[in-house]
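Down below are the structures I want you to see.
After this come two complexes, each holding chain A, first together with chain B and then together with chain C.
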Partner chain A sequence: MAQRKLRVMVAKPGLDGHDRGARVLSRCFRDAGYEVIYTGCHQTPEQIAAAAIQEDVDMVGLSCLSGAHRYLFPAVKKLLVEKGADDIVVVGGGIIPDQDFQLLYDAGIKAIFTPGATLESIVEWINNNVKPR
Partner chain B sequence: MYFAKELLDQSSTLRKKWEDEVKKVIAKNPDQKPDKLWSTVSDLPIKRLYTPEDIKDMNFAEDISYPGQFPFLRGNQVTGYRGKYWTFRMFSGMGDAKTTNQRWHLLLKEGQTGLSTAFDFPTLMGYDTDSPKARGECGKCGVAIDTLEDFMQLVDGIPMDKVTTSMTINPPATALWAMYCAAAQIKGIPLDKIGGTIQNDMLKEFIAQKTLMCPPDPSVKLISDTVEFGTKYVPRWNTISISGYHIREAGSTAVQELAFTLRDGMEYVEDVLRRKGLDVDSFAGRLSFFFNSHIDFFEEIAKLRAARRIWAKAMRDRYKAKDPRSWWMRFHTQTAGCSLTAQQPYNNVIRTATEALAAVLGGTQSLHTNSLDEVLCLPSDHAVQIALRTQQIIAEETGVANTIDPLAGSYFVEALTNEMEQQAWDYIHKIDEMGGMVAAIEKGFPQLEISDAAYKFQQQIDACEKIMIGVNKYVSDKVEPIPFVEIDDTVEMQQIERLNAVRRKRDNKAVKKCLEDLKNACKKGENVMPYCIEAVKELASVQEICDVYREVYGEYRDPGLY
Partner chain C sequence: MEKAKKIKAGDIREASRLIRNLEDSIPEAKSTIKHIFHFTGHAQVIGITGSPGAGKSTLVDGLIEWSRKKGKTVGVLAVDPTSPFTGGAILGDRIRMQRHAEDPGVFVRSLATRGSLGGLSKAVGDAIHIMDAMGKDIILVETVGTGQQEVEIINHAHTVLVVLVPGMGDEIQAIKAGIMEIADIFVINKADREGTGKLQRELMAMLDMSPIKPGDWRPPIIKIGNAFEPTEFEKGLDELTTKVLEHHEHLVKSNLIGDRIRRKTAHELNEALRSAILEPVMKVLVSTGELDRMIDRLLKKETDPYSIAEEVQKRYLHGCF
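== the complex of A and B ==
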């Protein structure tokens, strides 16, 4: 049987409305052959974790450009772990200063993509690192 | 006809000769890239050469004319920049009110001539700092304002009767404008002496910026309330800044920015006429606009010139405004944040300077220049100073302000201006056919047009069809560290303490009464502004006022179109 398509959720946590990156990536993921769920802006970590589990996704991509990633990204990961979905890969992107990378990796965020990352490089990372659950 | 037939015949003959020469040269030395890649950043194809034939159909009086005269292609001011340069208005806000107030005083000391407020996300979205939804956001993208106490600190020492202040605030615009009005009254300055702008443009929020609260119809109603209140009591205030900036930053083309912004403006005019029954000439002169100045130099100049001409035609012919001042389009411009790169950030100074120059050649009346570090963080004092100096150098050293609209009559600039105007009207008519902008937004039309453009641009960047230096060409492994401004997480705790202190000391019964009155006004469809001013004076918070709107009008959620 052919492997099923990857299911990815693109999510915008917090109050940030800078959604260009999230929208562009949602289209890119669709063109890459994934099943895509885009949450739209202004989701709480609780809403994102619940939706990720309900939609049975393989990966959650969080996008934040407001500076609130230090709180929001770990909060999503923590909720997923608490709900027994620690195998959902969580990655993040946006305006993330280099000095925050370690804090996010330590919190279980698998990869961080910042301005200048090509669509191709992001898809390649996902293909190599995310498998259907 | 713009040129005599004899000249056009001459041009045609010489052009054919030139075209033959071009063919011969290309056969030996081909162009560096194919024709389709010689296009604007928005993908408008550009010809190798423009000639009198490209603008032969223009009508001088109707299409070009003079400064201060219809169609205002050449600017609103009859004296151009000789009477007054554009307003040097740097958008700033960070941390708490005290920190932002210090930055404002620094900027005024450095020669800035107008203030512009950036609020943090909780304030922008109508939440107090202690709301669970606001966790982690306090002071990060702008200044945190919860109550009038914060606001008084923000304007401390600012001469509110002399300096004009712009506030980038949308769903809670009534609450923040009420605070500005209340602060002026407390300082003893009458409302007819204060001047400034509230952005207060919800349509572009649904289209692009996504600072959302209530559904489109009541959102537009609240905006019409402010237009009516300003017309009657605060005549020097621009109650709306109809914004293309965010549409462009969300990934639109220049033509989309032009078309959607102007069609938004028309929607507001129509709503005030319908809902408030005001005479168009009583309020049209206080409508203001806000555009992006992106990296494609001539495309931006043409866009800004076309914008003035489209608006003049719309106000005169579509809405039958009689007063020439109603035909004016007055606008602020900001250089394009999305054109800046995190890679090799010092290059951003060059980009911003080029974009600022385009804005000035396009005749802007107010300008914000981005700081080189804004792609990474809030701007440092030094970076802001360079950005402000960029404007001052353009104004006082380069000589471009000597003469009005210096590019008028350029075959290329006029042809591009005409083309962009035509394409914008095509969009405007399409949206008319959909039933207007609110209807178009409900269909997702402008949102998806922008997503198409944004995705295409990213693919072009990835394919190196469009170039961003340092990103897909001349990439350097060497990282140049720049000073990094960060808002400490303790700001949030301190702001929450301040808010709690206000809640303890204020007359909570009086606050409750004011909020009840506001709720009743909303239900009856009355103008909310007088009720907002009363409420903020009793120290009602931004969220308390916005919760009334959310309760009466309902909440709008981002449908997540892509």
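== the complex of A and C ==
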């Protein structure tokens, strides 16, 4: 009996090794009933985009606490679009100053979650905005 | 047809989507498999099983590297467990394999068990066909972290590696039925740790008790050291890959490969029949609410599961579904 299950990838681009947040979110997504592919730390945008396509995910969640999100998040989105995977939703989170939000939205990042965002609110956003393709 | 063509041409997006459709039981997925089935049967399938944290994914990463150095293309199917409570899953095997993510000759796909109990996912057989039809030379299938009895990998792999680590129990564990019987090759991983010698002796004693005739394959025991000591690790990996090749040669020479492929095919037909027959029946029983009423009757002890099953079987044979 056909039933689509949401597949999401949690990835940490760049040279930031602080993955507690990414792991907490992966666990939270598991409990929300999603299949979660976690790639681990220190990933290049190229590795993340390739893995997202191989895994046929509906969403990629990027976590970055190092300040390099202005470069790394758009780079992942751009690579996905180039590979014809513009239907994969990209969201981001981490230490991201308010003034960078617009730049990221303009680059195609659909949502940004910063410290203080509750797990419930993140899952609610995903349930409302990301449908299994 | 179009999809089958794309998959044969190696289109990863299309292939991964088809695997997803099979996992999600989308009916049209089966028709694509019908179109690619004829093109399968070329890949060498290697199964990797063993307890959680034994080092299976790290070993798979090493095997990918070895295959690529030999110029072979690789497909990897890595299975992790689904939560029995939420249906969610954390698929973390590819963390160890990410250095190959950008290599177009390597396709890694993670699968969740979704309730399958044999250590794999029900989609794994077809996923192997898909990677095979894509032209992958070697397909590595990593099971969930297994205990004693998740042995379904023998229905899919030509060569099965059972990965053990020192310090996992006494010698009785080594002679129990189940996972200890299915190894074509034993790997003692993390062999820099205490207890390696003891484990090796226990395995050898167990193998000495097996009735092996001349010309039979005796599963070798390969020790692989700490993956953080590259020289040691690679030395062990070299020995392992030599044995993997030897085992494959043995299968071909002794024509045992024919038996394995037959077993694999029989299993596949069994599964296809089961789903073709059971699924329409269940669909009717669920949608009419009859299944719930049957459960109610069982709870009230008005009848028993076997009587209900016989009743349903009679109706099925009379074409009532």
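Following the convention adopted for this analysis, the second predicted complex is superposed on the first by the 130 of 133 C-alpha atoms of A that agree within 3 Å, B and C clash if a C-alpha of one lies under 4 Å from a C-alpha of the other, contacts with A are read in each partner's own complex, and residues count from 1 in each chain.
Methods note: a contact is a pair of C-beta atoms (placed from the backbone, for glycine too) under 8 Å apart; a residue touches a chain by one contact, two chains touch by 3 or more.
Every value quoted in this text rests on a predicted model; they were computed, and no experiment measured them.
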Contacts of A:104 with chain B and chain C, given as first, second, both or neither: neither
A:91 touches, of chain B and chain C: first, second, both or neither? neither
Which of chain B and chain C A:19 touches, first, second, both or neither: first
Which of chain B and chain C A:7 touches, first, second, both or neither: second
Partner chain in contact with A:27 - chain B first, chain C second, else both or neither: both
Contacts of A:35 with chain B and chain C, given as first, second, both or neither: second
Which of chain B and chain C A:47 touches, first, second, both or neither: second
Which of chain B and chain C A:56 touches, first, second, both or neither: second
A:66 touches, of chain B and chain C: first, second, both or neither? first
Contact residues of chain A, present in both the chain B and the chain C interface: 26-27, 38-40, 44
Touching residues on chain A, where the partner in the complex is chain B: 12, 14-20, 22-24, 26-28, 38-42, 44, 66-68, 70-72, 95, 97, 99, 114-116, 118-120
Of all residues in chain A, those that touch chain C in their complex: 1-5, 7, 26-27, 29-40, 43-44, 46-48, 50-51, 53-56, 83-85
Parts of chain B lying in touch with chain A, wherever the complex brings them together: 121-122, 124-125, 127, 132-137, 140-141, 205, 209-212, 249-251, 338, 341-343, 375-377, 451, 454-455, 458-459, 461-462, 471, 484, 486-487, 489, 557-562
Touch list for chain C against partner chain A, complex: 12-13, 16-17, 19-20, 23-27, 82-83, 86-92, 94-95, 98, 101-102, 107-110, 112, 279, 282-283, 286
